[in-house]
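Across the two complexes that follow, subunit A remains constant while its partner is subunit B and subsequently subunit C.
After this line comes the complex of A and B, so read on.
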């Protein structure tokens, strides 16, 4: 009976890949946005599994976006390479900063990541010769000429790659190292787990994912700006999605991202100026009443039977 | 001997460093000293209530600056609808924000006191988003400003003219600090709050009502920071996102001073206010002033984590 699970996966993947064949540009665009935030949510969750709460998603997202835009404008390279370079930039920055920042725990780490995101924004806004200053930069062309189906496939590929990375994290020894940090760091150290190495690795990889998504965002919209690329939404939405779906697993953020993404699109049409309020309410309500999220709660119910 | 042992204390070290810097600045760039201390007053008065919540309730309130923003909007609303001066509106805002603080504590903070720290951080972050978006819905994102004549009062020394009204911030910071210290050291309720902050279980054993203490301290802090919003309104234009930076900066100061150290917050604010004003005094580098704060917070936190004082 274990095989039915793979059949479900196969059906979902086929449905996801073939989505552009039976939907219009609007739905493809919505699906692209959902995939983008879903990937960010998953990358955030990969770090929280180690007990490290990051508020710096928008920071690395913006760094990736700017790196992609700057390399694309200055070096005349293909957009795909520039997106990869965006990820690389976020990876390198996270790796270097990680050695200092990852010694911190709990609220100190959380606030420091929030401060880092602000620092990136201040640097970008003031380093006008490289980044275009407060006005940002406009790319001469968007990726695929703005074709929504191909953009959707690009994001789908990034999302699936992230899901695979997340599953690798869950199924290999990295999982035990990271979870032991969250549960009891002293025991982990005493058992000879090199915590720091795994933490830096997790931080750099998750930041690279955020950078790649940021680079893709810059290429899709052909535009980067200090306020737009480092917008707090890119921290807030993934956080709410991962929380709603359930932290500490791959399915959680994916389910949360899909549910909240669809609900958000509906709400955006209903209340154009206040739909972000719902994200705040969701975070508070989930923390208070359903700390395990949708997936965690369902799993608990199933096990109880 | 006593002087020497006092010198080893953190507060005195910071204080002496601040005074030395202040004297140098007074000779070299007097404007930096004036604007820096004015900024420091604002930062300190916002950060001190946060330090109080962290010290007693043990929660880091990431919605702190947003509560100030809410207070500022309330003051604006009162002054527009009744024609009252924003400073007069401080009293009703204080009372209203006290109730808001009570509701927040009773409604959600209470339930995460024993939860993992991650949940506490996420909850207050969610609260911050709710407050910002609520303000956005109610008052739109358009900046608003109260126009009061006395706020532009100025004085001059020689050819150098500067605003004098902002010194109210400094007075306010010192007043809040003294009032809170007197409350914590001299009154019975305050002493109970200190005891709860040091050891909740021990305080419970000797018969202190912890829940009521938490409620009181949280509400008072929110009320103070809300009332400061009214003062903030006299000099700055307000918009829904105005509180975010103050949350960050307050945390920065609290972390620098060390948990539970209210006086230290004042000195750290002075140091940071001066540093910011110093950067801003160079033409064309004003935009980098924000960076000073964030760079300092990271350096301080990391240095302290190596000394193992943090956590």
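After this line comes the complex of A and C, so read on.
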């Protein structure tokens, strides 16, 4: 059974890496978008494992995008380095803000992260000398000269790296810390868990991932703008993906991301903007009938057997 | 030599004084009982000592060191372990993993080491099939898990907050036995309990709290004949 599982992993990875060889630019582009949102979904899940619900994905995504664009334009550095700096910027900002924000819990934390994203957007919009103001900034070139296969591989690498980080979260003491914090903070404290340390750590790392994805997005499209880079879609879609797939694990958001990503693309073609309606319906149906998501429900069925 | 003492410990919740200038000490390796009617401040005392609440005034001194301002997780690592009156197992972890949390963070053990220690503690307390889902545990097993969880942090002092509640006579005896065995390992124990027979059998010394104040202390026989205690607490039984 265990060997069988590794064979499946190997096949999936080979198929994923070789995707550009058997598909065209359109499908590569779709796959890139799905990987982007899937990575965001996974990063969001890594924080909810500590019980902290974030609505701030778009905020750190946008910060990463702007940091990548600004450093790339001003410092004559490689696009890859600018993407990494996007992650670093999000990491540092999350680390600093975390000390204040992570004293909040539940809805208070959620609303504050939503507000943070909005504050970032307003700052970016008004700091014209640095950010180009409301018009945003255009990069002189896009990464890989816009080659869709290489762009896809870049995002695949980011997604796989995030999956590895997520598994590190699941297989080390971090898992015990985050789960105990989510279950009962008082018990966690009395068991010696330094709650604040682990929350700040999780917040900073997940924000860094969002910043990296945002940086990659900026480099792929060669463009950042206050409305585009901080769009609420970058928060809502990953959230819906993680809910659909199932929270608190690596496979959940990954499966949810793939399923919802493919469905969304198909629906976009059928009914423009109708896909947003479908997201809403999916979220409601999942919460009502499948609160553990696709992966959680399948696991439960398998265990019962 | 005393391992823990409080100096004039006061804790208020709004207008309610839950603890009023409480001075008490835990002596090395004794089993102390804390009794008192509901709302007397027993659990609040444990919460202030373990760092869940900060007191309004007064000091908590552990091994000669003032720990009043230290956060709960540091106190746990120093050796103050506790169970909770409302048992709160960590739902998304299995039995063994629940106990591992204690040794991982209370002792700073690595994963493998924590696992080994948790298994040893399970064996010590007679907890079988430790990989089980905690929703399938009996009341007795949950109580044992609570104790195991606290033991995994390697406490020097262990507070047991109404650990016998909900257990039948045989189960109570088993836990009493377990607590005695924990003490032989050098742990100082403080039990908060409503069941008088447990206090009588298990403890060497008793503190009676009422309205946030210590109204009597001494051996159980002496305390249970104290008129103030009788009127405050045992009155109805006489």
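Criterion: the second predicted complex is superposed on the first by the 304 of 305 C-alpha atoms of A that agree within 3 Å, B and C clash if a C-alpha of one lies under 4 Å from a C-alpha of the other, contacts with A are read in each partner's own complex, and residues count from 1 in each chain.
The working rule: a residue touches a chain if its C-beta (ideal position, glycine included) is under 8 Å from a C-beta of that chain, and two chains touch if they have at least 3 such contacts.
Remember, it's a predicted structure, so these values are computed and weren't measured experimentally.
When the two complexes are superposed, the chain touching more residues of subunit A, out of subunit B and subunit C, is B. In the superposition on chain A, contact is made by A:55 with subunit B only, not with subunit C.
In the superposition on chain A, contact of A:195 is made with subunit C only, not with subunit B. By the touch criterion stated above, A:269 is placed in contact with neither subunit B nor subunit C. Contacts of subunit A with subunit B, set against its contacts with subunit C after fitting on chain A, share not one residue.
Residue ranges on subunit A touching subunit B, taken from their complex, read 48, 51, 53, 55, 100-101, 103-108, 110-112, 114-116, 118-119, 122-123, 125-126, 232, 236, 239-240, 243, 273-274, 276-277, 279-284, 287-288, 291.
Chain contact summary for the complex, subunit A toward subunit C: residues 172-173, 176-177, 179-180, 182-184, 186-195, 248.
By the touch rule above, subunit C contacts subunit A in their complex via residues 50-52, 71-73, 76-77, 81-82, 84, 88, 90-93, 97, 100-102, 104-108, 110-111, 149, 152-153.
The part of subunit B that touches subunit A in the complex is made up of residues 60, 108, 111-112, 115, 117-119, 121-123, 125-134, 136-137, 140, 244-245, 248, 251-252, 255, 287-288, 290-291, 294-295, 297-298, 301-302, 305-306, 310-311.
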